[in-house]
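The two complexes that follow have chain A in common; it is paired with chain B in the first and with chain C in the second.
Moving on, here comes the complex of A and B:
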């Protein structure tokens, strides 16, 4: 494996400017919101919420080369913060959203301090343990409503209370902002450092740079984005219970990141869209067979996709597609792409 | 005090099933360097297949053997079609692949057998015995006996047979084993089949106590994995010990605190072990930090 980090390839061509890309995404989202019917708007709100989470995981997994199997825990922290603050204390959901992001960030920072120096599979296990403990806490605490969860979670409002379509705008503005931030991050100095950490931690250390710190930063960012998405989700859907924030959700998030390409910010958005729409389709087909078969068919196909994509395109579909394009048109070190 | 003794006795029952699953993890990890997140599904396949054959009216012993055989075939298929071709992938990629296998197996099982829990007949009736004040169901005795027999059989296979010695050699030094003409595909196949058999026996023995369903593999697998890490995943006896310890901790925690918190406590123990002694209680390799 190449030990020299692939540094910035000179100035970016204009269509790769982060602000332009984010703006393009926003325009597509606005067009979608104006042209599509209400059921599509709800569907795409979910896609946006997952995309927000997956963009964060993308930074941590694709660029820092680590995996979190407990991201549902952070998503849940955000959701329960909004839920608790609006149902138990009657405060504004905005406060809950901020509190959730703050708590998730602090928890991720502390967790990162403890576990990020562990090897890949031990780290995966430690994040898995975190997700499980968080889920047990959601079930067992009284403030979270135990197994029955929380209902009647407050709507966001800016003067007037958010409608379903307002949530759609809000979510996709957040996605565009997150994508903008992530793209800038990837092309910045820290991005080059991330790239270096991914290709060789030893080399990074030899150069006197601290891989743990940049990994921790990405972990914190991914946790904050997950909590943000979770908080908006709770307020949008109005009720939450522990069965939402499970290991299965963590795995689905990993799947979305993997399908889209772990090293492509916009690939993350595409991956979420593809997986989510495919899931809906499979569910519909499965339910024609029997009520239980919908979920089972979805599970089976999700699992097989994960296996096949990882066997043949371990960097994800979008990254593989981009890599092929790059190899055929521009001369660049092939090892950096095919590794 | 007698209450604690009761919790300990029941904990050893579940703990020995965890021990079997943990040994499956350890075996695959030692032989191929892979953490097999799908290990718990072998237990599910064992349990659900046993139920399926019992439904067909098969007598106990053939049903049990057939159930274990189903898991062995699945294990062989996974090894041949997926894991062996993908063996040179990065650790992260391999984690994703086994997670995908776990998800797919759960989905297929739900398609075949539905989501509802099913009652599996115990091996020899519903009786129970008294053990110095604690009550122990006869099925629990079968679990203990089965776990002990399987562990012993695995030990004898690895230590006393030519094939087993070869597998152990391949664990210690894959390159050298290959130079001596040992076929890595064959070893991968044997490893996965052994792991599948161990897991399936555990699941089939546990099923009459807990009932079985298509989703049971995830929790069992995670518990077995936690056990393996606590005990030391690169040591078979260590992994077995870790599984037992986990069963005890869960049982005592469920008895004294609450069954909801019991899982949380198990993961808290895991967390502590990862921080203090990542190689596990009996693992030999100091953690390799780059």
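Moving on, here comes the complex of A and C:
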């Protein structure tokens, strides 16, 4: 169940300090990078990229209580920005990364103006439509290379070009920074407004704040983080095509958010880790049984994971773990006890 | 001063409020009574900009606020509580109050994450005010609790305390006593009196007639969307039409007062 981060007296317990938590994550990542072999490093780079995206989604979905089924669109905007800038214009991928984040932020801001007034299901459908439109655009435009996509996307470099391991470090530094930012926001006094918006939009209005403002900010933040992850992904992998940035990716991201726990910043990391590593493992097992079975098995098990998590830990794994000592309190609207 | 003039609200051809007019002064408690469906909650929603008004106007201290969005009306100085209390469940009681202290500033949360001094300043201010308010409240021992874990009555109280964090000129209380224990009801009535002492205007919609009559300076009786009486409680109490409107529909705890 939800934990209460701040006591009446104010300060957080030391193990909840955002800086310490981010540092701990970074240390774990560094140890992982040093101890694990190259295939693990690549695998964990993917985990980090998705975690970066899901941290943003958790702010928008878990904390602000909205739904987005179109994050793959923003991930794609980031990826294509880096791709286009380095292959069509020969500029630095760093510039592409910044451009992608900026474009995604502006698109999310404009889209937010249009769709954030919609309630849950309608909002979900509107974001779904955005994701699909973005995917069609990636396929149809000549600048994005159409269906064949873009190849030879430039590497990041700081003096020397990034190696596979450098990407790993870079990604996990970004994850730690994003987690630091998100926990600091959630634990700040102003962060209470996220729960205000999630809990009651009417009551938020009555405090003089238009809930759309908070929702839009979180939507923009989630889009920028997704674009950041997408941009780094494109540069790391070196080639992209529209089949990567589909509805399936958006759904997988939601699955990861749900499995980890949407109301938890570090739940993002746990959720991505569990889903991605389990998925990869199953893919390998499936391939051994029959080359065609790999993907199918993976998909089936994703479905199963979602069902099991929703049944037993509806608030996600990390929230279940955090709440193991705490009497769980069921979150439900207060019953209308009236005369 | 809150002044309501010729306020009409129509829902799909059905008239919920028709030409309702009355005024309420600072430091005045106005009870609003009437049978179910008389339009009491609609009146609050209309004042607060939560439903659109077909005709008429609402003025706050001479300023026409009709048709303003709710958040702007809230900033102008009107607060309301809801029949089903809407507390922010998954944060603490203290944070509920802090949220009300911060919301009017409409902060960018990203700046809050980076603890920018502009945001920090009013965060600290909200925290101090929330702590002060909490200390004087019945919830002083429960500040660290999640608001969703409070009893129903305490959630109602929290909603009122939260409304007071915005230092409103006008407070609209929608059935603040329903579902409360006797002791909690006393606390709410005491709060209403202290609002009056602080020169706030209070509009009180409440089914429990004895409580309304005991605390109100004036009582407005609504029936089928119209004002049928507007007078001092002791006059209302003796008014046959009013009592027929009431007793004809349902007994609103009138028997508990003995005679009326």
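Just so we're on the same page, the second predicted complex is superposed on the first by the 314 of 339 C-alpha atoms of A that agree within 3 Å, B and C clash if a C-alpha of one lies under 4 Å from a C-alpha of the other, contacts with A are read in each partner's own complex, and residues count from 1 in each chain.
Convention: contacts are C-beta pairs under 8 Å (C-beta built on N, C-alpha and C of every residue); 3 or more make two chains touch, one makes a residue touch a chain.
Everything quoted here is computed from the prediction, not taken from an experiment.
Touch criterion met: A:210 reaches chain C, while chain B stays clear of it.
Once the two complexes are laid over each other on the shared chain, residue contacts for A:263 go to chain C alone; chain B is not touched. In the superposition on chain A, contact is made by A:188 with chain C only, not with chain B. Look at A:202: by the touch rule set out above, it reaches both chain B and chain C. Within the superposed three-chain model, A:301 lies in touch with chain B and out of touch with chain C [touch as defined at top].
Residues common to the contacts of chain A with chain B and with chain C across the two structures: 202.
On the side of chain B, the complex with chain A involves touching residues 35, 82, 85-86, 89-93, 95-97, 99-108, 110-111, 114-115, 214, 218, 222, 225-226, 229, 258, 260-261, 263-264, 267-268, 270-271, 274-275, 278, 287-290.
Contacts from chain A toward chain B in the complex involve residues 61, 65-67, 69, 114-115, 117-122, 124-126, 128-130, 132-133, 136-137, 139-140, 201-202, 247, 251, 254-255, 258, 292-293, 295-307, 310-311, 314. Taken in their complex, chain C has these residues touching chain A: 48, 50, 69-72, 74-75, 79-80, 82-92, 94-96, 98-100, 102-104, 106-110, 112-115, 119, 123-124, 126-127, 131, 134, 143-146, 148-149, 152, 155, 159, 162-163, 166, 175, 178-179, 207-208.
Those residues of chain A lying in contact with chain C across their complex are 2, 4, 6-8, 10, 181-182, 184-185, 188-196, 198-200, 202-210, 213-214, 217-218, 221, 263, 329, 331, 333-339.
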